[in-house]
């Protein structure tokens, strides 16, 4: 219990720092870049709960992220719901999507689940592009509500993202160290053996898909307020798909720390690269780095560090 | 007269057009040492997969401790007390040897008597001779140590019925005796054991009763002496 | 409706590679659609440089793509299969490939639609009052020919039968004197070559952009799973079903919904009968 309390305190301290940063006027670009990097911390952590802990690869991250974003758009347009409601609703819808896909495909092999997530992203994008109320393929603009509690709306969103990043990491850490986390590791290592040793593998897999989906949706919920103009190509961007994979794989998939390292490193690198090279070249490099890591250093940076320490 | 712990009644298993088990029946008494033998491809492992729940059956029923378990998922069966080891060891490679047992203890073993917790895992490792490797990952184990880990992990689930699937294949003579001694000890503690083996001297020495399978059917049943002299068994192993 | 049936020949060609690689070899090569599009662009380039008919250039490129497939498989084998790594890494590897190919094409050719016109592209004829465009007919015929060729290859030639064997029992193959890794390399190469040829057909039918690979992921796997893993005949039947379903969907709900059809079929099949129509 002492360790968890310690982690919580650190988390609160970080959020506090975030609030302080929001009020102090730093170079505005810092907040934009920081928001994106922190968003990736949530995305990478969420992906890893299913991908790293359970070993089931989700290629359709954009689908879940966009679910969160478009649920928010829907609620903003219809009832002007406040931010906390958007976060919760976005998470719930995406979580249900995860549960649904999981229920349909997790009784089969992992590859079918992965293929289904790939096709899911394409299909959902088609649905959204045909839905006029949320803007269809042309997109829709969203007006930020007046009066953020502190700072400007952008710096406020930055702090919210700090909070979400801390929360998602704490959740991942909690799961990792719990009985559920150990069960997930067992099913990742050998699903058949885990099942025969008493681990309810289907239930745990569904848990992981739902939590992962939920967190991805929560990451997407503030997106409309951040960009103020939401269109399918940006909400369903390929960047999310490849980064959600690359960041945990580069950082290391077996622990909560890996996605954080990957998100900070890769995210920062991309923010720097975006101003110097084209966005496509940037994606190309991410793809190449991903393949190199998966072939040469599949355990990521954490794995390399562990190896250097002689484990 | 000991009651039947496991009753397999007319179990049928088909894979597409191929019938792996054609109405196999057998019954294992509580506390018994039971042997299951047969040529390669006779359906032994398929039967075990059906009993442990890994494969669904196409016909027949399975009862454990008086309870109908056909259709029950494997994790629930292990909580009832049916635990198996795997022919090709499937350790949890990302965890230490001790944590491998921890999974069985936490999930399957906790459902029944026996104190869950690290003391139990260390005891099991000591009794089986693996305590030197407690904090190592399975990647660093030798052949026989992997087999022992399979057994230890099954033991940590506090089984009522332990199914040992070819735990001795490819081991040296002394190693076979090593494993055999462990199984005898477990049986003395009251655990019913089904042994599937190709190493005849081990099965003959260990089993109180043996069932022989060939091409998905039961062709003989009896004590080791009876089986050795059984004409159908000779035919199955050596051909006409 | 007729268009749907004509498309099915093309869809069969598209899915042959996946049927072989995923259905028989059990390798979830999700980069397959990228090779399809790569083949389409190769045909486009050849057409632009030499004025070659896409199908002709597709055939010319077949050995190149075969070699490419063999190389990709070798990398996959050395990095993952041989080390017995979890399938997660193999999947991520192929996704990375898919991604790299798509982005490379995007950087080289931009995001404009590319199309190829050959002399029969605009011609059509009528049967019983139904117009049939050569643009659809030729790829359909070629697709059917490819399917038939694949069937013959798998059932009559040594390597084809070895591939069927390796999908069922590796030990038997070793005893036969063939090396499973070599057989799988050949199979993978054939699968990629098939994809590239189908890509050449694609660019004759419709304009192509780099991100088109995502449209075909659903179709390829839906057809392979619906038809039954590893069944060539199943692939043909499933292609027909998908082709017709898509054209019906397009007629009644609009063309942008046709992509949802493959996904819907995939999910339904996985939920109800994962072995597919003719699966083992």
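As written, the chains take the letters A, B and C, and residue 1 is the first residue of each chain.
Criterion: contacts are C-beta pairs under 8 Å (C-beta built on N, C-alpha and C of every residue); 3 or more make two chains touch, one makes a residue touch a chain.
Quick caveat, the model's predicted, so the values are computed rather than measured.
Colleague: Name the chain whose C-alpha centroid is most distant from the C-alpha centroid of chain C.
Modeller: B
Colleague: Based on C-beta pairs in contact, work out which chain pair has the most and send it over.
Modeller: A-C
Colleague: What is the distance, in whole Å, between the centres of chain A and chain C, each centre taken as the mean of its C-alpha atoms?
Modeller: Taking the mean C-alpha position of each chain, the two centres sit 32 Å apart.
Colleague: Need the CA-centroid distance for the pair chain A / chain B, whole Å please.
Modeller: Those two chain centres are 43 Å apart.
Colleague: Tell me, which residues of chain C touch at least two other chains?
Modeller: Touching at least two other chains: none.
Colleague: Tell me, which residues of chain A touch at least two other chains?
Modeller: 188
Colleague: What parts of chain B, by residue number, touch at least two of the other chains?
Modeller: Residues of chain B touching two or more partner chains: there are none.
Colleague: Would you pull the chain A residues touching chain C in the complex into a rising list?
Modeller: 51, 55-57, 59, 104-105, 108, 110-112, 114-116, 118-123, 126-127, 129-130, 188, 238, 241-242, 245, 249, 278, 280-281, 283-284, 287-288, 290-291, 294-295, 298
Colleague: Under the stated contact criterion, what part of chain B meets chain A in this complex?
Modeller: 52-54, 73-76, 78-79, 83-84, 86, 90-95, 99, 102-104, 106-109, 111, 153-154, 157
Colleague: Using the touch definition up top, name the residues of chain C that touch chain A in the complex.
Modeller: Residues of chain C touching chain A: 28, 30, 75, 79, 85-89, 91-93, 95-97, 99-100, 102-104, 106-107, 214-215, 217-218, 221-222, 225, 254, 256-257, 259-260, 262-264, 266-267, 270-271, 274.
Colleague: Could you please specify the touching residues of chain A with respect to chain B in the complex?
Modeller: For chain A paired with chain B, touching residues are 179, 182-183, 185-186, 188-190, 192-202, 254.
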